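Paired with chain B in one complex and with chain C in the other, chain A is shared by the two complexes that follow.
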Partner chain A sequence: MPTSTSTTTPTAVPVQRPIAAAGPIHWLRNNLFRSWLDTLLTIFVGIVAVSLISRFFQWITSEAQWTVITSNFRVLMQGLYPIDQGWRLVVAVIVIVALAGISWGIWGHMFTSTTIMLVVGTFSVLIVSILGPTISDSTDLARYFRGEIVPLLEILRVPILILVLCLLLGYAIGQIAIVLAPHGAQRGAIIGWLLSIPVVFLLVRGLAPDTPGLPLVPTSIWGGLLLTFMMAFVAIVSCFPLGILLALGRSPGGTSPRQAPLPAFWFINFHQWYVVGTRWWRNLGPYPIFKLFCALYIEFFRGVPLITVFFTANLLVPFALGSTELDSVVRAMIALTLFEAAYIAEIVRGGLQALPPGQLEAAKALGLSPLHATLFITMPQALRTVIPALVGQFITMFKDTSLVAVVGLLDLLGIAQGVLAQQQFAGRQREMYVFVALVFFIFSFGMSRAAQQLERSGSGRLQFER
Partner chain B sequence: MSEQQLQQPMIIARDVHKWYGDFHALRGINLEVQAGETVVIIGPSGSGKSTFIRTINRLEEHERGEIIVNGVTLSNDVRNIHDIREEIGMVFQSFNLFPHLTVIQNITLAPIWVRRWPKAKAEKVALELLERVRIPEQANKYPGQLSGGQQQRVAIARALAMQPKIMLFDEPTSALDPEMIKEVLDVMRELAQSGLTLICVTHEMGFAHEVANRVLFFDQGQIVEEGTPDHFFNNPQHERTIEFLSQILAH
Partner chain C sequence: MSRQTTQSISIPPFWRDIRFLRVVVQLAFLIITIFLFSWLFNNTQNGLKRAGLSLSFDFLDQQSSFQIDEGLSPSPHTRQDSFAHAFGIGFINTLRVIFIGLILTTIVGLVMGVARLSTNWLIRQIAAVYVEIMQNTPLLLQLIFLYVGVILLLPSVSQSVILPGPIYLSVRGIALPGLWSTATTLPWLVIVGIGLVAGVILWHRNRRLQLDTGRKTYGLEIGSLVFLAVALISWLGFSVLSQQAAPFIVSLPEISGLRFDDSRGVIVSPEFVAIVAGLVLYTGAFIAEIVRAGIQSVPKGQWEAARSQGFSYFQILRLIVLPQALRVMIPPLTNQYINLIKNSSLGAIVGYSDLFGVSKTIQLQSGQAIQVVTIVMISYLILDLAAAAIMNILNGRFQFKTR
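Now for the complex of A and B:
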């Protein structure tokens, strides 16, 4: 046997990794036609997709009649809100969108692709709607385009322009602020969001019937996108802190006490019932009543359909209070907030439980109080972990606002159905529902995009990245 | 008062017991540690050595007996626990740095919010400590960007920033590559000579031999043997100690 050790001199030049075969043909074979089953599926899905898309394309280039949108645009957007007070809605939208942009600039980082998408999209709407009327009516397509599509874009261009401009301006302001005064900017944005609820609410609703400049607009005549938006906005901003408190209330567990195993048939012996009861109570941790309340609250609202909660808020609350002073929109907002807070709480609790226990131990060992440990150590990390789930819940909330129809409020979808019920717009369901779906999609997609960027940017980044 | 505190041992444990469910983890620990002493605890895994040092800053509650740290008796009184934790620094096997904060934020967090130091002072102290653990250039990085040895040295600096009287080390080098163990042990060696009271659970026998004033051997929740390093390594008395040492030193 050889007794000497063998050595290898490290190669000075790193060896290139073998290049995998590439190219479109290769991609197609690898991804679409790998086996006969793949080929079969590809062909089947291809046929279905092509027929659906071509049908939709045909519809949108020659059949769709968008007058149902253009002539009802205002009522779809703001319900029966007085026309001469429309500026208040514009200001409210500007405030919220600008705040969203500023927060984005402070905590997130806008991808170049998103910026390009926003700017190019806005410009194309602008250009098409401005140049559209000058197209000659030489072909059917051009005539249809001028008659049906251009008016729609003309009505959409100002709202889109305002939204995108406010968002980008806010983003720029946020980016500048975070460089100039990081802490001040973050604190300012949070205070801004908290202030924005009452400010926007008062602006849109007004104080009293005779307030000069800001006459009362009762919530009973709110409707359309305005109602959807206000419901979602108020509920999202207020259910978030409530959900965090509930999660904190439910999370502390008992300290592992000595627990002897129960004897067989323990439930026969009355004394054992007492043992089990006290053990359960002790396991609730340091604040048993509080924890029990949070757990019951969460389980109750998660076990009840949202529609029932809306009904209850609408019918039973005035009955219980003995008055009908609280109007139905506020009641619905409270119902949605209470309901969603339970879901938010469970999401946040999941984030808290996913933390390695060493984090809290280290915080304790340093002498940090429970409040400081939560504020600086556990909660920031937990929230970052659950950003995707949180945003998913917010999007669900935004869409769930449509359920206020059950208590007689007309959100965007409700108004749409009201419009369709009129004789003159009969048969225009497709156009209307495509439009409504598009509006919901734009807001939901915006939220999900913003969340993705929050995750990938510095503030969403969690450990172990080099 | 200071006279009395000087004479009183820094840590007194009397008949400390602890159970996990039915498992009797600590079975009557009696120990006195003088101020400035360096005590190294060794023993097989599951012998209760980590549990014991975690009862000293009450990360684990003892269920019988008495622990007095720096003149304060540990009880369920929250104020006492906080007072004690301010005086005890702890370094964990898995570092437990806060991944969402930079190195300097990790170190200054507790001094700013617990000791109520102004930020400038806390940062000055933090930079001095980073100098002391020989990584001043890493101050603005995140823990995830550092090597294991560097992270553990940040953890030591974080514990030192509270200017504790006692430092607890819970197997500080067990999660490290052999190449990085030395850099952490060097820092600990320097700490032991600086007059801090040190209690260290470790498997580094060379370190124990060189630095410790006293070595404790834990087995099955009890202190089986204790003595000076020379006595302990050269002339162990108890058969469990002899067996353990022969296994450790065999390879």
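Now for the complex of A and C:
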């Protein structure tokens, strides 16, 4: 029987008239004007929404002045990174985006609509930016369009083209690889990611001041989106093993078999203090010192705000190490890594706890050593269950990098504020912040969608549950 | 028995015994950690000595020689007050943001979470767009945009945007009508409290009667009527008979010259508005997702059963679904509340004098980095642990009671 529409409301709604009616009017009645209260709400919210959206479009099409972006594009993207070394960044971006595309092709699935949107979007940017300058200045709108919007698209078209092409090519390669050699492809992609870390870092940073071809670009002059990316990249990659170690350190608990209940007012009796103390120590499991250390570490870092950690790292690390050799970018990277590792640890621990105990017991029964059981049995399964939570944390981490502006580093947001502080760009806050927000949005939205797909595709589910 | 046989076959040397290894490894770790920390501490102390600084907390008693304008009173911290006093004011300001923020963000999250599941297409879409935008851009950016791109672009006081209330929006902050207490406030509140208790007792008694007899007893109606009557009559009594002022005076904000009249209404600083609005909008999006997931976790049969019993949509939500959803929601909700508390430290970015903002100033003035950092971190740890403890108690209350 044909049901009316494709909109399935998550919470079942009383179907007042079980008529299999279809068509726009039915849809409207069902989704916008269900009752008089609904109708009132729809009209009120509709008016507010339409007025807001039309105001925004009016701003976009006649007021916004995008020269603040176009004339500062390079500094927003790469900070003070030498212009003649820009190709290194391009290569690094290509490597990462292609890897992301390949992984997408291997583990994910691209909806046709996504592909069409990507291609159409890219082509429209290309066409508008190429044909734009030929529009005649007949109307105000056309003049504004030519003066403000076309230059912005002209600057964006090459990056967008590169990104989309690499992503789609990578996706195609991944799809082909998964058909040809499923296991090899997955292993290859993981090895590729692991290899990309030192490669990208060395590529961007360089080796020594006088290396031919790859001169050193000290981290202290990194800035803009480059700094945001490298902060997030380094922190994500290095907090992950640390987080796993912390999770392992905290997770084994003592088995607490039948414990006699404590008498009331036990704390009056000193012997009971001893009983409680030993009980607590036993419950810490076979590695009480590791467990205490990891628990303290995790609770401490989860209890303080990230900006106080940045602040502390900036103030105390030069004193604590007795030198000022670490520049502030590296300090911020270390602080972010230490901080986020605590969150990763809790997520991984959750995954470990969600595992049925039979897994570890079976591994032990088969004679696997604790190390092997962890490496081959529990950890892979635990990680698989927490992939969505991990990606969520990575998105948070990516957004958190903007906090380095607090200690005076010039990430994307920091540079944006620096630009706005110049006299000639005063009053262009909205354009600038909308642009920065868009950049952050694109990347975090993409990551969160990828995580959702992973969740739905079932790769997060435990495989042995059949 | 079997133990003896294995022992007789081969006793592993003690250095290969797992129990021995455990102790050795952990002791080694402990010793290395202690050495590392003492080395770092030593370095720090030497560095501080070279810079002419100490590790004592004596500086807290010194004059701060800076001023804070944000607080409960018009000039909460003057140049003559001590650093310790400044910390206290910063802590109070942080508490203000957290208190108002937690309440508002819960409301926003609940409304948006329910809106995401609304049967109304338009409202569902708007809630989804709100959640995606808030979740996928950094809070810092939102705060700066709100402060620089919205609040600082509001008109000056004399040309404020006036909303019904009257509520004045201006670049110098928001002025709202306020309730000012008078001499009769306390006795009136006591009487109202008694009325409330009486109303609740009546309501419960009548409801029990209704459950027992099946006769309609209008418990809620009678109870609230009693409460309202007590409140109203005592209000009138205080304001007319005793010839004193009414228990509360409504004080409307007014503009005097180029600024708001300090003695009227409630004037909220633009920085406070920015940090609270930013935190509420940001955290509200995350709470909305938690609310949505919580509601969706309640089986559909519960909705259908309730509907077959004749409950209305909001009754089902309030009486059947939300209590069950709360069980799932409280642990992630705790995380979001703690996040809000920690993120309140971003108030310093928009110039709000909260704990972190004040301590940055104190650090610059006194140079005592370590002590300042210690105080700040311990304060936030206490706040977060307190929030976690309260939410844990709540969590215990809402879990299924298993026999």
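We adopt the following convention: the second predicted complex is superposed on the first by the 402 of 466 C-alpha atoms of A that agree within 3 Å, B and C clash if a C-alpha of one lies under 4 Å from a C-alpha of the other, contacts with A are read in each partner's own complex, and residues count from 1 in each chain.
Just so we're on the same page, contacts are C-beta pairs under 8 Å (C-beta built on N, C-alpha and C of every residue); 3 or more make two chains touch, one makes a residue touch a chain.
Treat the numbers as computed from the prediction; the structure is a model and nothing was measured.
Visitor: Contact-wise, after the overlay, does A:32 reach chain B, chain C, both or neither (first, second, both, neither)?
Guide: The second partner, chain C, only.
Visitor: Is chain A touched at more residues by chain B or by chain C?
Guide: C
Visitor: Tell me which partner A:368 touches in the superposition: chain B (first), chain C (second), both or neither.
Guide: First partner only.
Visitor: Check the residue A:376 against both partner chains and state whether it touches chain B (first), chain C (second), both, or neither.
Guide: Once the two structures are laid over each other on A, A:376 reaches chain B alone.
Visitor: Can A:266 be said to touch chain B (first), chain C (second), both, or neither?
Guide: The answer is neither, since A:266 touches no partner chain.
Visitor: With both complexes superposed on chain A, which partner does A:274 reach: first (chain B), second (chain C), both or neither?
Guide: Neither: A:274 stays clear of chain B and chain C.
Visitor: Is A:359 touching the first partner chain B, the second partner chain C, both, or neither of them?
Guide: First partner only, chain B.
Visitor: Could you look at A:306 and tell me whether it touches chain B, chain C, both or neither (first, second, both, neither)?
Guide: Touch partner of A:306: chain C, not chain B.
Visitor: For chain B, which residues count as touching chain A in their complex?
Guide: 19-22, 57, 59, 61, 63, 82, 85-86, 88-90, 92, 94, 96-101, 109-110, 113-114, 142-145, 158-159, 162
Visitor: Using the touch definition from the top, list the residues of chain C that touch chain A in their complex.
Guide: 22, 26-27, 29-30, 33, 40-41, 43-44, 46-48, 51, 117, 119-123, 126, 132-133, 135-142, 144-145, 148-149, 292, 295-296, 300, 303-304, 307, 338, 342-343, 345-346, 348-349, 356, 360, 363, 369-370, 373, 376-377, 380-381, 384-385
Visitor: Using the touch definition from the top, list the residues of chain A that touch chain B in their complex.
Guide: Contacts found on chain A: 255-256, 258-260, 356, 358-359, 361-369, 372, 376-377, 380-381, 384, 462-466.
Visitor: Considering the complex alone, what residue numbers of chain A touch chain C?
Guide: That would be residues 7, 9-14, 30-32, 34, 38, 41-42, 45-46, 49, 286-290, 293, 300, 302-308, 311-312, 315-316, 318-322, 395, 399-400, 402-403, 405-406, 413, 417, 420, 429-430, 433, 436-437, 440-441, 444-445, 448 of chain A.
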